[in-house]
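Here chain A shows up in two complexes: once beside chain B, once beside chain C.
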Partner chain A sequence: MNFEIMKSYLPLYKDAMLLTLKIGWLGIFFSIVIGFVCALIRYNRIPLLQRVVGAYIELFRNTPLLVQLFFLYFGLPNIGISIDAQSCGVLGLALIGGAYMAETFRSGLEAIDKIQTESALSLGMNGWQIFIHIIVPQAVAVSIPAFVANIIFLLKETSVFSAISLMDLMFTAKDLIGLYYKTIECLTLLVVFYMIILIPVSILGSIVERKVRYASFGD
Partner chain B sequence: MKKNIFRTIGTLGLTAVTALGLLSGCGSKSADTASAKAADTKDGSADAVYRTLDEIKESGTINIGVFSDKSPFGYVDENGEYQGYDVYFANKIGEDLGVDINYVSTEAASRIEYLQTGKVDIILANFTVTPERAEEVDFALPYMNVALGVVSHDDKVIKDLSEIGADEQVIVISGTTAETYLTKNYPDIKLQKFDTYAAAKSAFENGTGVAWANDNTEVIAFAAENEGYTVGIDSLGSADTIAPAVSKGNETLLKWINDEIVTIGKDNFFHKDYEETLVDTYGTEFEETLVVESGEVK
Partner chain C sequence: MQALGIDVLFKGTNMERIIEGLWVSVRISLIAVVISIVLGLAVGALMTRENIVIKAVTRAYLEVVRFMPQMVLLFIVFFGSTRVFGWNIEAEIASIIVFSFWGTAEMADLVRGALISIPKHQYESAEALGMSDAQTYFYIIIPQAVRRLIPLSINLITRMIKTTSLVMMIGVVEVLKVGQQIIEANRKSSPNAAFGIYAVVFLMYFVACWPISMFSKYLERKWN
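So, the complex of A and B:
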């Protein structure tokens, strides 16, 4: 393994990492928003809307991100909608992530026993108070492990962005291999950079998980 | 709580150690195989990544890497059969070797890897001979001429690379000679890179990029098959050749292919190949410019 060569590739990998992070975190932010709204719609069984949300979740959870990206980037221009590659990346990630997040949040909300709502009502709390003080803290605690898993999953999914010409980490590595044939150096850097991105998320996830556990144990 | 923190640290430590071990393992292993390969070229020992001519004959099947999305050189037709100028030659190789052919669909950027890992025996995927590539794989005699070309939209034909604006993008396919040439000689031109021919084609048709740089054979074919495009630059960079490639050091197979190219050249095989596969796209005017017979470049 030639470390000099690896060093000379570092700026390119850094750019790629920043792009991966930018699209990744934007996509994740919007997926949380979408997921939260969808989960509330399904949890409160809002007529009609819950059907729409159900269809959306099934559609996007059961198709690969690659297919969705192809559709957004190569398919939509045929009907006159042209979106640039970066926005396609963010949109694709937000849509697939939103579907996963919605199910994660909903499972958290529905894990809270109905008896708690009834008890709170009998204590004179109103619906909003119950939701904010009783349901959400516990739902968050239940959802966190799946939530962190979703975030890691979404960050890793960015590796299919090469299909729509985004120079993310994966494509940068593949492209450099194609240009200079230093396979082992490029792949090693790829692993290292993915770990630089993902290990902090993993650590942060387990810390947050511990912090919010009070809700389920009451300590 | 405390236990948890220690467990986290423990897990992390273990992860780091494993990763480092993995990486250093990879490093030394690659050095080993590199030296092993070097040794192979001399004594042809058995644990080489490639298969020798005899091993291929014995197995009864040869693995040939071709393009599946690059009409008219290597593509899959409506019946699911591989077709094209490269494939026509590949079929001849299979026939004369007396073995079945297992076609492996490759992308431009992974052609070298396929040979280096022994996943195919021959690459016949419109592979341009360059000195850099020749350090990684062994090229046989050439069977086609090629240069680079640039195709652009009819309403804004690019006749010179200097016409490309600072914020305009040129489409290239990752791992092609066009990418290498532009990266080296025109570092200021912004490249929009795609990993497959099909993706680059769709994006260009959707209006991405002001031009598409690729082998001139391909851009001429693209402009001929699609309305609204003109090849503004039909010869760019050095005149190169296209040749079959085998894994570095696979001398028995390389020699056989070279002999084959010389032999079938006597019957003007590649002219026949051109007339069967390329004439619909290029007409007869490019026949003498493109075809290389018996490996003799004029």
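So, the complex of A and C:
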């Protein structure tokens, strides 16, 4: 292991990590938005839209991100829709993440017992108040563990972006291995940088999990 | 059809090649799934032991697998290990190793979860009835644990099938790579093939995974 070489690669890896983080967090942000909207549509059983959302969720949960990205990046330009690689990465991550998040949020919402709504109604709360003060706090507590798992899953999934020529960590490592043949140094740095991204998320996740556990009632 | 590039699929042996590519993906995932389930059951049972050394080792194993993207693991085994040890492994073997390594950890975690979710009074009641350890496991614990385990492990199978798409990145010629080759070979005659071919690959994965995940949902609903 040659530390001098590893040091000289650091700036490249740093840039790559920043790109991974940028696309990762943007994608996760949009996936939370999409997931929340889809979960609400399914929770409230809005006709027609419910079906569309259901089909979207099944379609994206049951196909790999790599294939989705290939379709978005190489397939869509054929019918006149060109998206640049970065937006494509964000879009792909948002779409697959949205499908996973929607399921997580929905199961959180549906885990809340009906008696909660009924009690709130008998206390004279209106629909909006019940949703904000009664349903959401409990649903959040229920879905946090799966939510954190989703975020880690999505951050790991960003590793396939190299396939659509985004200069992320994977791409940089592959590129440097090809150029200088310093395989071990490059792979070590790759592992280290993924740990820098993922370990804080995991630690933060378990702290949040512990914080919101009070809200789960009865056990 | 011409404009969407679906017609390319029916030219020459393209359809056969795509299906052969699909078979490569299926083969890799099948072998990895079988290995993962067998090893996962053993490792998962080990994880419930109170031994500190076993606990630390399995815990570290689980964390490594949980943190590293499967693609990084593929690169480590395919490029890294060959460099360090000087051996030569085929890309397909490397991917089977990685997916088994990853799948075993995930499966073990599910097994552990299922075993510790059985309330303690079940063990105690069995003991009070005079059952031996083996009897307790066979008649009381395993039947209950299996019901929690099966839907989750079926889910894991679909995840493993989906992850096989990554093997093209280390040069295995599977369905996605074959699609790419067909698109490039027909660049002149049908420049729009990418849309059709990738849509077909997309649907192939969906057709492979969707029934399995529906089945797991059905079992979950039936047993809970």
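We adopt the following convention: the second predicted complex is superposed on the first by the 216 of 219 C-alpha atoms of A that agree within 3 Å, B and C clash if a C-alpha of one lies under 4 Å from a C-alpha of the other, contacts with A are read in each partner's own complex, and residues count from 1 in each chain.
Following the convention adopted for this analysis, a contact is a pair of C-beta atoms (placed from the backbone, for glycine too) under 8 Å apart; a residue touches a chain by one contact, two chains touch by 3 or more.
The structure displayed is predicted, hence computed values, not measured ones.
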Of chain C and chain B, partner touching more chain A residues: C
Touching A:Ala163 in the superposition: chain B (first), chain C (second), both, neither? both
Kindly classify A:Cys88 by the partners it touches after superposition: chain B alone (first), chain C alone (second), both, or neither? neither
Classify the contacts of A:Lys174 with the two partner chains as first (chain B alone), second (chain C alone), both, or neither. both
What is the contact status of A:Ile199 with respect to chain B (first) and chain C (second): first, second, both, or neither? both
So, A:Leu19: does it touch chain B (first), chain C (second), both, or neither? neither
For A:Leu189, decide between first (touching chain B), second (touching chain C), both and neither. neither
Go through the superposed model and pick first if A:Gln68 touches only chain B, second if only chain C, both, or neither. second
In the overlay, answer first, second, both or neither for which of chain B and chain C A:Ile152 touches. second
Counting only touches as set out at the top, which of chain B and chain C does A:Ala141 meet: first, second, both, neither? neither
List the residues of chain A that touch chain B in one complex and chain C in the other. 74, 77-78, 162-163, 174, 177, 183-184, 187, 191, 195, 199
Show me the residue ranges of chain B that touch chain A in the complex, using the header's touch definition. 1, 4, 8, 12, 15, 19, 22-23, 26-27, 30-31, 108-110, 112-113, 116, 132-133, 135-136, 174-176, 179-180, 183, 192-195, 199, 202-203, 206-208
Residue numbers of chain C touching chain A in their complex, please. 3-5, 66-72, 75-76, 79-80, 83-84, 158, 162-166, 168-169, 176, 179-180, 183, 191-199, 201-202, 205-206, 209-210, 213
Touching residues (chain side chain A, partner chain C) in the complex: 58-59, 61-64, 66-68, 70-71, 74-79, 152, 156-160, 162-163, 170, 173-174, 177, 183-184, 187, 190-191, 194-195, 198-199, 202
Can you name the residues of chain A that touch chain B in the complex? 1, 73-74, 77-78, 82, 162-165, 167, 171, 174-175, 177-181, 183-184, 187-188, 191-192, 195, 199, 203, 206, 210
